[in-house]
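Dropping the structures in below, format is structure tokens.
There are two complexes below, and they share chain A, which is joined by chain B in the first and by chain C in the second.
Up next, the complex of A and B:
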């Protein structure tokens, strides 16, 4: 499989006014994102996630090392038609309404007027902002701002999507909808690189992840491979009688295994919340 | 014209047009120009002079404040609010972004000063009516011909070009400084730009080192005094068309050079 992003020995040192090194934000990073996958970049605040995204967009320049985005340098302008970016906060122009803001970005992407108008209607429907399209973006709630930020990414229909904390500030329903959109992007063959510190979010949608700390790569790999504990087994059954559990315990100790816990599985608070809200609103999925 | 530059220019124009602060300054300036209606003097000459002085002062004040605020905030706010991150995820080069921003601000200044000038001319027209009643038809006729004289338009044209220099200076300074400091520096340039004759005089009289320094200032700072023809116009003096053309060309070339330097610095700027 070809690579959408290739980062080799990347180093980024921020310097002060006198050109003295101030902070090493990224330190010898090697990272590869394959085409068609959802890749999660994890790390605490200050681990270098946003710096990497800025480097990928050519907003800042590497101190050393190399970056290739869709086979070209991040400064390659022609390549940018193929890259979508949603920043951490949707820093969009508050004096415009949703229609105008998408029209502006569509024009920047050199989209012909007819296609632009059609696409704007489509993406506003997808992110659920059709009814608020004439309201100024400055008057939007945080959740709505995130949606319009995502709408401008979808408008381009890029092959590579970079998302910085895509669900931050959203309620669980909104976050769930954004996650569904990201999954649909993957289904359509798009590559998604998302940076987040919300671990559960990354776990549910990412194929592979990289964990950064202090600008260095701590771990990289397939989510299932990294999380699966191969030497442990989980069995979930229903309809057991009280005595059956004792028999299972005996069987396990007889075969030399260690029983770690016997418990009733519980739903996550998030899934319970979504289920209840959907029941009330009459939505099934 | 390149499409990206035009799109960013249009965006900048709309941004300036909708910003509350500019609307307030604009309305205040219109009120200042209209206030000329309430000044009455006993002689016809006094009345004409005061009308033109206040009208031109209103346009000058408005254009300076707008140029300082818009020039210092236009790029800086985009960087601070990080709106620029999204813009540069599109096929937009950094140079085109600066050219588009500059073109948009220049267009807005032309538009705003044109509207303000129209208000000024209308205010003069209304006043004409009363002057006709007070001083007779002959005075009214001479006032009308003067009010619509091309001289006022020449003065306004030079105000616009002077604004281009202030905006371009603000663009360049905003590459290095925050908005408040950029405004202060630009205001200093505005003041020193009107004192270039004084600087040249100091250069000729000062010791060698200070003399070189002053000569450097003389050539680096724009000579804004070239653009200050309001005093001539208000006393009815003639400003020649070749002078206006030459000074406008000087102002436009100076502004373009500043914009080119800004674009080159911006290309290497980290955001």
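Up next, the complex of A and C:
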């Protein structure tokens, strides 16, 4: 499989006015994102995630090392037709409405007028902003701003999507919808690189992850491989009586196993919230 | 083979025309008058027509115009109308005989002030605010070069300032015609308005270029200082002429070559003295304004090319 992103020995040092090194934001990073996968970049604040995204987009330039995005340098202008970027906050022009903002970006992406108009309708529908399309973006709520930020990415229909904290500022329903959109992108063969510090979000949607700390790669790999504890076993059973549980405990201790806990599984607060809201609004999915 | 970018052609043309202009500047032979026309025409094409063939530049420029229209520009125009009519009413009474000259001079000063503030406020935030608000992050994720962003902003801002000063000129001239009639109308008034528009184009070019580096406040102060120095060129020539040290003279001469000569664009004193300019002077002035702007914007494009947009 070809790689969508190849980063080799990447270093980014921010310098002060006198050109003295001030901060090393990325320090010798090697990273590969394969085509067609959802890749999560995890790390605490200041770990270098956003800096990596800026380097991938050519917003800033590496101090050393090399970057290839869809087989070309980040400074390759033509290649950017294939790259979509949703920043951490939706940095968009407040004086324009949703229609105008998407038309503006569609024109920058050299989309013919007919296709542009059709795509704008489609993506506004996908992100649920069709009814607010004539409202100025400055008057949007944070959640709506995030949606329009995602809409400009979907408008391009790029092969590589870079998402910086995609669900920040969204309620659980909105966050769930964004996750569904990300999954659909993968189903259509798109590559997604998302940066987040929300671990649960990354775990549920990513194929592979990289954990960054202080600008360095701490761990990289398949989510299942990294999280599976091979020496432990979880059995989930329904309709069991108290006496049966004691028998199972005896069986485990008899076979030399070490019983860690017997518990009733609980729902996550997020899934409970989504379930309740959907019941109230009459939506099932 | 690598495609030659729009900006490469633009910068090469600007440098080429600057070199020819430098070569011909000291000469008063036959070539000079023809060059004045050729310079004005070729630079008009380079500055206004050539960039508009680029769809992305057109898109960015149009969005700048849209933003300016949606701002409270209309209120500024209303304030100007009130000011002009107020001046005509008050000064029309206290300066009998020469009211039209007195009011013309004051009106042109008001236009300079309004146009200058409008131009500096608008252009000095053009690029820096894109970085500050991070809107440039999304824009640069599209197939748009940094040079196209600078050029789009320049064209959009020039369009806005020309439209704005054009509206002020129409209001100003019409209010004078309304008050004093056609018999007192002088063509110099129209020339003065055109001269101011050219001055504003140069100011916008400087403000756009420095906005790739300086914050909004620093840029505003910087451009304002350049504006003042640009109006003091005659005084600077006078001072350097009296200095005996060669090194200081050379520094003064170099300074005069860098600083735009804004005093050339203002004809207020000439109106006062009853003097007039011919169309050739105006065309020469247009050539000067456009050449200066083209070179300055070329520098802006080169600076922004390697600017790290997250470092403010």
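Methods note: the second predicted complex is superposed on the first by the 285 of 285 C-alpha atoms of A that agree within 3 Å, B and C clash if a C-alpha of one lies under 4 Å from a C-alpha of the other, contacts with A are read in each partner's own complex, and residues count from 1 in each chain.
One rule holds in what follows: a residue touches a chain if its C-beta (ideal position, glycine included) is under 8 Å from a C-beta of that chain, and two chains touch if they have at least 3 such contacts.
The model shown is predicted, which means the values in this text are computed figures rather than measured ones.
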After the chain A overlay, clash or fit between chain B and chain C?
-> clash
After lining up the shared chain so the two structures overlap, which partner does A:60 touch, if you call chain B first and chain C second: first, second, both or neither?
-> both
Pick one for A:186: touches chain B only (first), chain C only (second), both, or neither.
-> neither
Can you tell which stretch of chain C collides with chain B among 3-11, 21-29 or 273-281?
-> 273-281
Could you give the residue numbers on chain A that contact chain B in one complex and chain C in the other?
-> 54, 57-61, 77-78, 80-81, 83-85, 87, 89, 91-93, 95-96, 100, 104-105, 107-110, 149, 152, 156, 162
Please give the residue numbers of chain A that touch chain C in the complex, ascending.
-> 14, 54, 57-61, 77-81, 83-85, 87, 89, 91-93, 95-96, 100, 104-105, 107-110, 149, 152, 156, 162
Given the complex, residues on chain B that touch chain A span 3-4, 7-8, 11, 14-15, 18-19, 81-93, 270-271
So in the complex, which bits of chain C are touching chain A?
-> 55-56, 59-60, 63, 66-67, 70-71, 133-145, 306, 308-311
Within the complex, which stretch of chain A touches chain B?
-> 54, 57-61, 77-78, 80-81, 83-87, 89, 91-93, 95-96, 100, 104-105, 107-110, 149, 152, 156, 162
